[in-house]
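The structures considered in this document are given below.
Note that subunit A is present in both complexes that follow, paired respectively with subunit B and with subunit C.
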Partner chain A sequence: MIIAFACENCAQGSANTAGVLRMKYDHRIKIVRVPCAGRVGPRQIIEALNNGADSVAIIGCCFGACHYNDGNLITLRRVKAMKRMFEELGFDPDMVNMYTARAAEGDTIVGDFEDMSAKTDAMLSKEVSNE
Partner chain B sequence: MFVCHCGENIAGKLDVEEVAEFAAGLPNVEFSTDNLFMCSKQGVELLKEAVRRHKLNRTVVASCSVEQHWPTFARAVEEMGLNPHMHEQVNIREWVSWVTNDWDNATEKAKSAVAAGVKMAALKEPIETQKLDVVKKVMVIGAGVAGLRAAMDLAELGIPVVLVEKEPSIGGHMTMLNKTFPTDECPMCTLSPLLNGVANHPDIEILTLSEVSKVEGSVGNFVVEVTTKPRYVHDNCTSCGRCSEVCPVEFPNEWDMGFGMRKAIYKPYPQAIPSTFTRDKKHCIECGLCEIVCPVQAVDFSMKKEKREFNVGAIVVATGYEQYDPVEITAYHYDHPNIITQLELERMLAPTTLTKGKILRPSDGKVPESVVIIQCVGSRNDQVGNAYCTGVCCMYALKNAGIIKEHLPNTDVYICYIDIRAPGLYYEEYYKKAQEKGIIFIRGRPSNIEPDPYEEKLTVFVEDTFTGEPVEIEADMVILSAGMIAPKGFGKLGGKLGLLRAKEGFAKEYHIKMGPMRSSREGVLLAGTIQGPRDITKTVAHAGAAASAAAQILVKGFLEKRLDTAIVDKDLCIKCLACSTVCNPGAIDVDVDGYAFVNDTACKSCGTCAGACPTGAIQIRNFRDAQLKEEVIGLLEYNRLVGAAQ
Partner chain C sequence: MSKMKVLVRQLNGCNRCAWHLLALESFDSISLIGHSLLGNNDNNERVDAVILTGFATRKDREMLEGFRDRADLIALFGTCPYTGGIFGLANQRGASVLPVEDLIKVDMNIAGCPPGVGTLIETLTKGTSTLMSPLCSTCNREFQKQYLKEIIHTPSWDDSTTCFNNQGLPCSGVVSAECAQRCIDFNTPCRGCVPNVNDSGPGALGYFTSLAGQMDVDTKATEWTTDMLGDKPDEITKGIPDVVGTFFRYTLAHDFKRAGRLPTTGGLCSDIMTGRLIQEAPQIAATIYGSRGISVALTLIEAYENAIGVEPSEKTREIRSELRKIQATWTKLERKPDSKRFAEIVKALKTFAGNEVLSNVYFSGFKVPLKDVEYTFDAYSIREIDWKAASGYAEDENCKVSITVDDRGIIREWSCELR
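Let's turn to the complex of A and B:
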């Protein structure tokens, strides 16, 4: 399962556009509505992973186009810190990723989704082989 | 709990009845059903009836996106006496049925979404709306045709306007033009009723030589500081012009693009409004003659820079454009006196300038025998970074070529173009008419202009792309159709206003189709060419739209603000103020005890503070940590159970 926190502006708009265009993507991706990518902090990421998500993604507006100025950049910084923390703890840093999308272009978010599934699959297969 | 079929859109891709049955078994669910179209009148009635019969206090509809039909159902529950935020919308169309191929997977995904929605609904909290008073006053920045139109439209609605202009007179670029396409009317004749109307309107305050220096506050209640440069002439000036007569300093008039002269105490042009003279401190030699001759003692060298604060409800930005400076394209030798831009030609054609409206070669005053007009200078040009088409150059080139042909029928007029773009009513007709006037059209962008070092002649090198032949044109004068660019100082103003800008430098609109007059910031509207190049017709329409959008905020007298804002739990707050450092609207202050304190008016509910808070003390209503956690659990729990069963 992949939990995708999608911001209210570009990311949800893009997900809706992708739906209208009948694009297909991995059914394991579950979208959670948040007002801004900036809303997602370490607590949300950890809770999602704790409750059984294989990976977490945060999707915001394009950098420089955040509707609240720079919430997406703040979260990008948080995600980078989280990745470093996961690495130090011996987990895969790909458990959390930050993406951007454009509301008018459904393929941007589908591209993000494809990348998410690919990274998650790679991560899961690595885990299996380690066992 | 209501599951919508949306005709075949959802029911064709997943098992709606199974989802509704599954929902009925979830905790807290009193009633669950499916319906063909929830958004239809019958669907909404069904929801209302269920609320009444089962005394429901929360509703969940699994159908389309929040943007599309959350308001429909929220209104319905509001009519039933509940807070509209008691309704939860689950999107199983755009996010499930339309994007999943497999029937079983889609059904499972819809079930988990519904489970999350039900969990979320149980935790939803009522959100009140607060009525905020708005200041019924608008500031219009820039007094070109867009600013004037917006100011007039607002003042006619009874909304007082402060019109800020950085130049000594109002009117903008339009007053500099000689004729306007497609009717070849005199722009001053069409503009002056508006100019005079604005100047004499009791509800419009005009501030010339002024610039915005500080902007604070938010929609409905901005505090704007305006800095006014001294004019050194008081308002009792009768515009007799004696000061200008005695002034010994004379140099090229900027407003005439150098095709006219002015003194150090001057009026840019005879009809300028306000008609008060202006002393140009930079060029003045302080001889004091003007002070002596002034019959009303209006000249005062001791005037100082002034700062004033205005309280306004909305801001209309109409700062217009700047002409592209072709000096950057070295192959076109713009520094040569006989190579001028279209705006300079417009001034040359005006009867008040040095040439008295005659078309003469600037270097020696000879009547030109051949004139070449070059299109797309600084637009449609990736090399200078402006990929966009200005969209008006073709039309004004046709206009000016026609005027040259009328003035000088024996002169050859060439237009070197890439494409002639004349979209819209009467524009293509105008192009046809220009073709009949005997203008020579050459399709090709000139590679360079070669000035003759001994004579005043110029040679233009261009490839005629229709024949594939290189052409050399001998010209007496070359006119460059320079494109429109965003004004250079706009970065500073845009920063003060907190506007996003497009990469071309223009202010970014809220939505290119549905909100071209709104900016990225609420309460700041865009009028005219600051949003992108456009002609006068479109500018006036755009300014009217900006005025009505500004009025929309103000006419009711109050704003309804949804209080789904941030809230601080003082018991958890450790006074680190990490929230306030990430808060973009600057809505988080410190209260007397040092705790974070949220200003509901300014808060935009983005939640970045909640993500930054180390203790979870600051939360966004309806997107609290606990609520998001439940939603995530809802999404995952169902699949975990299914996974375990397998």
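Let's turn to the complex of A and C:
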């Protein structure tokens, strides 16, 4: 399962647009609606992983377009530090990723979704070959 | 009033908390049925309270369930049984350190590394865990609401008024409660041995990286015309080379439930020491090596000083030799543990090292002036240190330490042979 925290402005808007256009995405992705990407931090990411998620992604507004000024930029730093943390624990840093989307263009979030499922597949197949 | 029958059991890890609990003998309201350090005189009778110290593993399940059945109350003393403690860092390399609460139901906990026995007595009398005040509310340093300009690994030694987090040095005081050791009084940032919130590690990491919200971070453009977070090293990854050891030092086993996949180095303590920042290493060594911690921390300091060519002053050497005398007394005491003599050791440690985890002891000198020492501070204060990649070796009567540090300040190889 992939947990995608989608901000309710650009990311959720983009997902709605993609839905109207009947675009498809990986069924393993579960969207969690959040007020802003800045609402998501290490607590939420670790809780998702502790409860069985394979990977976590956060989707916010484009840089400079955050509806709360700089929430997406703050979360960028948090996610970068978390990638480093997973590396230190011997996991793939792709266990957590951060993307952006544009509300008017459904294919931006679908591109994000495709990238996160490709990265998760690569991560899981590496784990299988290691075992 | 009848006396409370109490059994003290040390599980795994260092035995410092068990040493503190020797003092229970002298309380009128308590009758000590058994204590791990005083030999096993426990005849499986029913007791009012079992006090556990040290971290648990899956192997301890049966024993712990036995304690649960025969005791009215299970109390955890120290951070290790509560969250896995500092030994939880070994989970990074596949160990299975667990908080006791993951195995049995627990009635109360007294966190701290080590905590005060007074707090335990107060909690036992009251019947519930006491709510501690947040560490930040007791700290004299001032916090200004502003983003960080840089991330540093040692505080500015002559600044005792600016919040560590403002200086760019991660401090977990925001998620921690007041404790018995008070590292912050010795120019040492808090690493959260008394968690004040349920998930203190992620909380502290989120807090600090939010403060770093304007530092350079790598981003890249995607093929589908948006931007995303990049993978290249940037100021964040360079600034925090040891995320786990900095923010999850006492809570990894509690906060992150998957066993780490790095290969083990062959020993519990070396698994913990490898991967840590050299700047933080003396306090970690003093903590995990328990009753030999003083010796290991000093030898580690000397090994790195030898490697980078730093000469400590004569007065620094003199104070260190006082600390080694304290270690010798403690080692002798191991044969016949005694609470009164241990209290003297703790008092002497506070005089020469600040607190029990040697927060004041550092490379090249001491961080803050010592009380009851007649020399001027200049004679034993920290000198300019050039942190660089190096390998060093040192030994004393208790241990042999060899250490390899890489250019980012991370300990790559660690071996400590105790005699």
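Everything that follows uses one rule, which is that the second predicted complex is superposed on the first by the 131 of 131 C-alpha atoms of A that agree within 3 Å, B and C clash if a C-alpha of one lies under 4 Å from a C-alpha of the other, contacts with A are read in each partner's own complex, and residues count from 1 in each chain.
Just so we're on the same page, a residue touches a chain if its C-beta (ideal position, glycine included) is under 8 Å from a C-beta of that chain, and two chains touch if they have at least 3 such contacts.
In this text the structure is predicted, and so the values were computed from the model without any measurement.
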item	value
Which superposed partner A:Asp115 touches (first subunit B, second subunit C, both, neither)	second
Partner chain in contact with A:Val34 - subunit B first, subunit C second, else both or neither	first
Touched partner set for A:Thr100, first subunit B, second subunit C, both or neither	second
Subunit B versus subunit C as contact partner of A:Asp70, first or second or both or neither	both
First, second, both or neither for A:Ala53, with subunit B first and subunit C second	first
Which superposed partner A:Ile3 touches (first subunit B, second subunit C, both, neither)	first
Touching partner for A:Arg78 - first (subunit B), second (subunit C), both, neither	both
Partner chain in contact with A:Arg43 - subunit B first, subunit C second, else both or neither	both
Contacts of A:Cys62 with subunit B and subunit C, given as first, second, both or neither	second
Subunit B and subunit C contact sites that coincide on subunit A, given as residue numbers	41-43, 47, 70, 74, 78
Contact footprint of subunit A on subunit C as seen in their complex	92-93, 199, 201-203, 205-206, 209-210, 212-215, 217-219, 222-229, 231, 234, 236-237, 240, 242-244, 248, 255-258, 260-262, 275
Contact set on subunit B toward subunit A in their complex	65-67, 91, 93-95, 98-102, 105-106, 108-109, 112-113, 116, 498, 500, 520, 582, 584-585, 604-608, 610-613, 616, 620, 623, 625, 628-629, 631-633, 635-637, 639-640
Contact set on subunit A toward subunit B in their complex	1, 3, 12-13, 15-16, 18-20, 22-25, 27, 30-36, 38-44, 47-48, 51-53, 64-65, 67-71, 74-75, 78
Subunit A to subunit C touching residues, read off their complex	41-43, 45-47, 49-50, 62-63, 70, 73-74, 76-85, 88-91, 93, 97-102, 105, 107-108, 110-112, 115
